[in-house]
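Lettered A, B, C and D in written order, each chain numbered from 1.
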Amino acid sequence: MTSAVDEAQLEAGFQATIDRKDRIEPRDWMPDAYRRTLVRQVAQHAHSEIIGMQPEGSWIGRAPSLRRKAILLAKVQDEAGHGLYLYSATETLGVSRDELTEMLISGRQKYSSIFNYPALSYADVGTIGWLVDGAAICNQVPLCRTSFGPYGRAMIRICKEESFHQRQGYELLMTMMRGTDEQRAMVQESVNRFWKPALMMFGPPDAESANTEQSMAWGIKTHTNDELRARFIEMTAPQAEALGVTLPDNELDWDEFWTVVKGGGPCNEQRIAHRKQAWDDGAWVREAAAAFAGLDTSSPRGSDYSITGRQS
Amino acid sequence: MTSAVDEAQLEAGFQATIDRKDRIEPRDWMPDAYRRTLVRQVAQHAHSEIIGMQPEGSWIGRAPSLRRKAILLAKVQDEAGHGLYLYSATETLGVSRDELTEMLISGRQKYSSIFNYPALSYADVGTIGWLVDGAAICNQVPLCRTSFGPYGRAMIRICKEESFHQRQGYELLMTMMRGTDEQRAMVQESVNRFWKPALMMFGPPDAESANTEQSMAWGIKTHTNDELRARFIEMTAPQAEALGVTLPDNELDWDEFWTVVKGGGPCNEQRIAHRKQAWDDGAWVREAAAAFAGLDTSSPRGSDYSITGRQS
Amino acid sequence: AAELASYCLALGDDALVLSHRLSEWCSRAPDLEEDIALANIALDLLGQARLLLARAAAADPSVVPTLPEGSPVPPEDALAFFRDDRAFRNVPLVELPNGDFAETVCRVLVFATHRLALFERLAAHPDAVLSAVAAKGVKELTYHRDFAGRWFVVLAGGTEESRRRLEAGLARVWAHRHELGVDAEADGVLAHVLATAGVAEPDVRPVVTDGGHTEHLGRMLAEMQSVARAHPRGLW
Amino acid sequence: AAELASYCLALGDDALVLSHRLSEWCSRAPDLEEDIALANIALDLLGQARLLLARAAAADPSVVPTLPEGSPVPPEDALAFFRDDRAFRNVPLVELPNGDFAETVCRVLVFATHRLALFERLAAHPDAVLSAVAAKGVKELTYHRDFAGRWFVVLAGGTEESRRRLEAGLARVWAHRHELGVDAEADGVLAHVLATAGVAEPDVRPVVTDGGHTEHLGRMLAEMQSVARAHPRGLW
């Protein structure tokens, strides 16, 4: 057991590491509250990637060209990959993917509320890339310098891929704007629906944001919600002009935000039910893999077992 | 226990009833073999109605006009109704619907092999009405005079509805033939696929038909397979001409027939799996209804319980 | 006339979309009697949809999508098969996937109860066509509501599993109930059914839909419109 | 050229249709690793499909459906999105619904094993495009086969349930195996995998398909082609 004096010393060392912008690593001492906050934040981020596969994923089967089908499938696959890195980061904090998935499914952990809005047309695939991934990047670029090492390194890789997705989304919208009148109307209608929910992705106004202060002191957060929101609006306005769409005003309905966060959004139940179904349907496969691995506990994926010995 | 002498007397009375074209009723004495043959035949007929809902049913969601959607849904619903009358007829012979359904699902009882061919275009909805229902009517009209009362009476009602379906199918094809070149090609392609399977609905050539002789003596069957087949071809040729389609030749591949009967047709497994799924998925509902009815054992359907007392 | 057209479209689309969902039960119901009954309800609603879409098209021809010249598609079909999902006016409640039999029973109960209360009033509507559709619909909807109401009571009092499923299905439907509007008459009938069945009103937060659709409608229309759209000059 | 086009269409449609089925697993796989792996296989097959459809269109432009004048749709998309199901040349095996993960594993195993054996030979095909597609495909298909083969062995040796599901899935796939043609090399590889897993070759009757399709393809294309067909002049 650590004495109070030791603890104060450890805490001082921890804060010093943060203050000189060094990373905290999994084996380093860290305050329980820091660990809990990080688990909550990284898990929420991981869940957002996984739940975020659904709105766009529902359009893979209807992508209107083979090229777009390949781009969209690869993008949704990347989101699964991001989920994987982030769940791995939480595993270094001592929480397993299974535990986190159970917390997601049971509603004890959240994911980004933006994914509780439906994707209703192919233009939404573009808009999600442009605005939703764009807002995510604004939120996440500062997190590349976040104090917890595994999280910061995951964010560097994720941000790189997200920028690529954002450009692809914008390019889809640009192409559609050069198409038919109906397509242009689809793009505008899609932007109308996503603009305000995208702005809400930065979280409530600073005055109402409960965790900002402590998170900033810990180097988990580096800018306030309103700062990031303003930066995003500034970045996006000229892009909208180049695209030829009108952005709605920036008046946000925070009652709607809280309703959606608390489970009353258009798709909350659908998203969780989809994830639960996939998880439950896959239980026998995960059990079989565990049984096969036996005491070894390594999953078959990791093995280099080759059926024919001719693997390239 | 009935003595041998009594049994001979009963059998003579039974045969006399048949010979003077009177009906055998459920409470009448009948030979075990007659009962078994009837159960097999009526059950097979009932199963055919129920399995026959599937190929056309898969097009209800894609019917290309609201009028056609209504016609098709009503037709498939009629097939459920036919199944219901026929299962009721077998119940008078002491076999319940549940038992028969289990025998269908486990493959111990058959259904008409025609439904193991897929319905691949909307023209098939018309062709199934014209050729498949047409062949069924040829088979069934004589059965209206079959010796077992409940079966004969069910057939009268069913044949009336089947004629209506046949006319509707033919009318759909006629309409499509007045449409685009693509539609005309769809009709011809559909007729090409269904013609021979429809001819095989009359069963194997007389020389190979195992049960014909006894069934004719019992008044369960009144014409041979080949007689009925020839009658159908004769009836259909001028209809094809009026429609403007070419009928394929009449050379039948009996190896294919037996392959399909024995389970190797394009859709055998799909049809049974679909039926099994529906039956299994509905088990909890049937159990709930039975539990609710309690000792009464009547199902809620039969009750005249009204929620509000305002039922019209 | 534009207002009448818009109103008829909304009522017609509700009927069309729910009819399509109910027709998905065809050959899949728990038993033949329910297969037939659900097809009956689907057919009644399809009939209502056809009359209402035709009335909408007659009241305001501008609501009908433009088709290639020489297309023989009648207005009711142009509306059903050539409109994009975003132009559909139905409530999200009717486009949700069927769920199990219990959820279907709950949806039919809530939908038919509300629509019946509305149609009883619409039977006095100044538009002769709409009032006639409503008057005919009252009889049909009474049957739908009573079919669903009987099964509601049976499933509530059947087995533990049927009650669990019924309550879960009711909660899902109840979260969309506000889309049907406020109606004291419907409230009374539903309260009576729940009381008879001994089921408590679900404590659920209404789903925010803002007059939009769910992701399910687009998928449904992709299937429903596929043949018609592949043959825009087809005769059927 | 017509023969080459027809051959490329058949190979391309197999890849396109199976890719679509595999992409249906996206966000639904047993775990993230399998979600990613199945998407990889789907992407590889989609890539093969694009090259093969483009080759078919170049070899014989008459296979490409006619689109409205001024339509910007490239040949690969005209073939994928504007052909009727009856013009698709794929084997029925690839259009069957996914079933569970075990059935998917069996389908990928059998399909990739056969296609790999074929592509190894096609790498020497006189048509430079086809031979290049085959040479690239060999590497991809080896990965697909080994992914499926590893899971085949795991599911066979996992739990009672996984073995039961694997055997049931294999039987369903095996009944369509003849559609891929006779291939001694593939036979050998599959026999080896089955032996390694300790699974007996299923004793099933081959399903009669006569070069036709199942009812599943039409439904799949109704979904797949819906957006493209709603916007025949669209730019994407």
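As a convention for this text, a contact is a pair of C-beta atoms (placed from the backbone, for glycine too) under 8 Å apart; a residue touches a chain by one contact, two chains touch by 3 or more.
Just so you know, these numbers come straight off a predicted model, no measurement behind them.
> So if I look at the partners of chain B and the partners of chain D, which chains show up in both lists?
C
> Any chance you could name the chains that touch chain C and chain D both?
Chains that touch both chain C and chain D, as defined above, are A, B.
> Centroid from C-alpha atoms only, then distance chain A to chain D, rounded to Å. What do you get?
Computed from C-alpha means, the inter-chain centre distance equals 32 Å.
> How many angstrom lie between the centres of chain A and chain C, each centre taken as the mean Cα position?
Each chain reduced to its C-alpha mean, chain A and chain C end up 37 Å apart.
> With chain centres defined as C-alpha means, what is the inter-centre distance between chain A and chain B in Å?
About 55 Å separates the centre of chain A from that of chain B.
> Chain D: which residues touch two or more other chains?
Within chain D, the residues that touch at least two other chains are 219, 222-223, 226-227.
> What positions in chain A touch 2 or more of the other chains?
Those would be 62.
> Once you draw an edge for every pair of touching chains, what topology comes out, line, ring, star, complete or other?
Looks like something else, not a line, ring, star or complete graph.
> So which chains actually touch one another? I want all the pairs, not just one.
Touching chain pairs, listed by label, come out as A-C, A-D, B-C, B-D, C-D.
> Could you please specify the touching residues of chain D with respect to chain B in the complex?
Contact set of chain D toward chain B: 85-86, 92, 172, 175, 205-210, 212-215, 218-219, 222.
> Taking the touch rule as given, give the residues of chain A at its contact with chain C in the complex, in rising order.
55, 58, 62, 118-121, 189, 193, 256, 259-260, 262-270
> Which chain B residues qualify as touching chain C in the complex?
50, 53-54, 57, 60-70, 73-74, 76-77, 80-81, 83-84, 87, 97, 122, 172, 175-176, 178-180, 182-183, 274, 277-278, 281-289, 291-292, 299-301, 303, 305-308, 310-312
> Show which residues of chain D lie in contact with chain A when the two form their complex.
The touching residues are 16, 20, 23-24, 26-37, 39-40, 42-43, 46-47, 49-50, 53, 72-74, 76-77, 80-81, 100-102, 138-139, 142-143, 145-146, 149-151, 153-155, 157-159, 161-162, 165, 189, 192-193, 196, 223-224, 226-228, 231, 233-236.
> Under the touch definition given earlier, write down the residues of chain D that touch chain C in their complex.
Residues 84, 219, 221-223, 225-227, 229-230 of chain D touch chain C in their complex.
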